[in-house]
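The following block contains the structure, expressed as structure tokens.
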Amino acid sequence: MGNSDAITLEILRRITEVMRENAEELTRLDSAIGDGDHGTNMARGFNAVLPKVEAMAGQPPSALLKTTATTLISTVGGAAGPLYGTAFLRAATALDGKNDIDERDVLAAFEAALEGIKARGKASPGEKTMVDALTPAVDALRAAVEQGQDLSTALDHAAAAARTGMEATIPMLATKGRASYLGERSIGHQDPGATSSYLIVQAIADVVRENSG
Amino acid sequence: MGNSDAITLEILRRITEVMRENAEELTRLDSAIGDGDHGTNMARGFNAVLPKVEAMAGQPPSALLKTTATTLISTVGGAAGPLYGTAFLRAATALDGKNDIDERDVLAAFEAALEGIKARGKASPGEKTMVDALTPAVDALRAAVEQGQDLSTALDHAAAAARTGMEATIPMLATKGRASYLGERSIGHQDPGATSSYLIVQAIADVVRENSG
Amino acid sequence: MKKLINRPEDVVREELEGMAAAHPDLLRVDPELQVIIRKDAPIEGKVGVISGGGSGHEPLHGGFVGMGMLDAACPGAVFTSPVPDQMLEATKAVNGGAGVLHIVKNYTGDVMNFELAAELAQAEGIEVRSVIINDDVAVQDSLYTAGRRGVGGTVLAEKITGALAERKASLDEVEAVCRKVNENVRSMGMALTSCTVPTAGKPTFELGENEMEIGIGIHGEPGRQRLPLASADEITEMLVTPILEDLPFRRGDQVLAFVNGMGGTPLMELYIVFRQLHRILSDRGITIARSLVGDYITSLEMAGVSITLLRLDDQLIDLWDAPVHTPALRWGV
Amino acid sequence: MKKLINRPEDVVREELEGMAAAHPDLLRVDPELQVIIRKDAPIEGKVGVISGGGSGHEPLHGGFVGMGMLDAACPGAVFTSPVPDQMLEATKAVNGGAGVLHIVKNYTGDVMNFELAAELAQAEGIEVRSVIINDDVAVQDSLYTAGRRGVGGTVLAEKITGALAERKASLDEVEAVCRKVNENVRSMGMALTSCTVPTAGKPTFELGENEMEIGIGIHGEPGRQRLPLASADEITEMLVTPILEDLPFRRGDQVLAFVNGMGGTPLMELYIVFRQLHRILSDRGITIARSLVGDYITSLEMAGVSITLLRLDDQLIDLWDAPVHTPALRWGV
């Protein structure tokens, strides 16, 4: 993938846009089974990320992602801050030294990000968290890359899987995070963190598609 | 008027009944321009009065009224407690030593009661208080008595005048009591104290009528 | 009506039983007669300081009974002045031979009931003085009203007067300092929501989602004016301007700034109001020498705020800082 | 949404500016970084005690910064854990060379952010220990949850831990007493109404006129169970029974009984709950040796109550009684 740095910046712009647009919806979801701040948290975080990465034009993807990570950690707070911060940090590390990113690199970054979230949150699939959107996304991405599909197509598969994973959180009983305090009452609601994770994967897929071919 | 003591007791029973029945309405009126307690206050007071005067069967009217007065002072609180307490106390004094009460005695008792309220509350007619129901009531009573009408008829006139006086408080601007804090906003509401005063005069008239002829 | 209560008729008695259980070290409580008395009263040679008023304003007054503040408090039914029997009992209980001061908020009912009680106490040979607190600048024209209401200034008057009484000052001196507080204190309040008197069962007034009441008292009554909802900064300005103009407060004055919650307003919002109050006073060259932020004189669960400013001098600062040990206000001990 | 605020995004910063203006004698406040530090920190040779968490629980934690309690607090956005930068800054500011204790309420976000901060502080050579408070018995099965939440017990842990640190005890001792409080404290809460996060603009949940939530936390979240509204006595019983069974508390125990308002509940109702709590404990032969009644750990303007019981021993009583001077808790000084 040529001009990976520019595309990375565009991805971060798109994610910021998407978080702003969906802040209200994410907060609504978090009000049902959490504390009603997930949308505000994510929007605040990416609003802080954007000017910083805009000022870094020309720097490699891993530098942009590292700044994203530390800024999220410093501004999001709550559960999402350390989790997404860790995810972007691990992705940055996976892409360290790479200027021209290919499918395998993207897969490695996604895998590292998911591992980071699982380690930090001590979460496994099926607990009604962002892990439930990201696990199928990474699986789909891996399958597509291994089948030799191009990055854009592979990411489209990942985004579709993330959406399915997100929707699959609805009937789940939460056993991690705030929603777990609700016990049975957490059933029937879509997890806000899984939703923001899907939105991020979709934003990445969209930007890559628009810049490919 | 024969068996004045029994009639006095019946009057106090009736007032108690009427205060219980109208507690909600009096409180509603007091919520509009006061603090929403007048009905509860009056009901609490007469609920305390009743068992005490019931236990005094056979004692003269002035004794019953004096107990009513001190009980109201000890249980009503707010503005209404001292005002009605003073009224009943003055009425008791006016009837002191009388066992067989006639029209002139009743008039004297009413006049003393009204004077007591005006003195205690430093209120004059037109200030949107109980004085505005009681002043026309006493005037009507005096006129009827002076015209030689019988007690029951005279009290009916007094009750009708009290009702008119009560209704006349609606357009008044309050300048005494809590309602005065509302300034212009007190206009358009019926005064709760004028309403309880009317109810008391009406109760007296009703009981006397039922016991006459 | 959603309240943590049992029967609406029992709220005051049960509250007093709770206070007795929570503060056995400080208070002697008679839940039937409804009198709260300082544990070690009467104190020989000390002026007794008592106050009272309707319930629903807690911690006022019962929460201010204790060393360095009130010797006794008489809570009435919710928003209803107590009766003379309570005040007489309290007066007798705290009489240490140096006389008793009644601190009375200026409401027709309170004034009349305290008047009756004072007469009864005098008849029993106890010297009683009364100071009427009327610090509410929302009530402007006392010719056409029952006069200014007693609101936030009452808390400050009780603290400062109690401190002087604790030092065994004479009844004259104690009365004088109470009057001095009243002359130098001004308040104004506003509401975002009404409140519900337990026995009434529904809110005293209805207020739209975008409305507020300015110039309220403390009895859940509507205010002088209904206005569209405004920002905290604008509301603070609306409250503080008439206060500053009334005394008037001047450049160079030192004040005690008291931001009081009406019961249902989070502390966060009180500090946001305090921030703007501080800015306005700074701009005018007025120094906040002491501050008090919290729920001290409330209207049940009403959301809203009142601002009280007391102009200070050395005596008032000294008495404000003096030790106090009550359920709701405590320092120096 | 009816609140005394300016822009919803600014509430925490403006609140902190208000706190700075109200308590210049006690606090040093950085409204941008959102750190509240005890005026005289760092104190040479004293263990620094810090805590933090989302805003909206005031006075927790910022109102507990001062002599004998916290050295610093880090408030996050409303109901949102603060970020490691704040905690690191606070840790550095209060480090007097004897190490720093982090008191952390058990919420995923708080725990993770404090973990990151501790790593960063350790990297800068500051010895940091963390104690996680998890006293909420409403969360029964920690196998299937993020574990018990930290609620009312946090206030008691901060007071008692701060008192020991004030005496220059070692980091080991300070950590140990904090763990001891956590092991001996249990809480449970309920809500009559929801609350509104300023940036969300509407209530977090809807509750019917005859419903209540039992087993809530402090973040405006719904509880474990929605039940028909009950009387204060019944509600008290529902809250205290699981608390007593959990530790368990036994006949002869001495406890600190803490009845906490969630923000929108009048003090009157808290005392009505205290009354029944006192009766239940008396029946079981448990003595209330100390009490605390008021709004100390809140959920904005939520109406509701939580009950916390701490089993006391001589050390805990002594440390509870030790002098404290903070905006919200003060005695002995």
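Letters A, B, C and D name the chains as they come in the text, with residue numbers starting at 1 for each one.
Please note the rule applied: a contact is a pair of C-beta atoms (placed from the backbone, for glycine too) under 8 Å apart; a residue touches a chain by one contact, two chains touch by 3 or more.
Source: prediction; values computed, not measured.
Removal of chain C from consideration leaves the following touching groups: A, D | B.
When chain centres are defined as mean Cα coordinates, A lies farthest from chain C. The mean-CA centres of chain C and chain D are about 29 angstrom from one another, to the nearest whole unit. If you average the Cα atoms of chain B and of chain D, the two centres end up 55 Å apart.
A separation of 75 Å divides the Cα centre of chain A from that of chain B. Interface residues of chain A facing chain D in the complex, by the touch rule stated above, are 27, 31-37, 40-41, 44, 73-83, 120-121, 173, 175-178, 180-183, 185. Contact residues of chain C toward chain D in the complex are 2-6, 11-12, 14-19, 21-23, 55-56, 58-59, 63, 192-193, 209, 212, 229, 231-233, 235, 257, 259, 263-275, 278, 288, 291, 293-295, 298, 300-301, 303-305, 325, 327-328, 330-333. Partner chain B is touched in their complex by these residues of chain C: 54, 76-85, 107-109, 112-113, 115-116, 138-139, 141, 144-146, 149, 197, 199-200, 204-205, 217, 219-222, 224.
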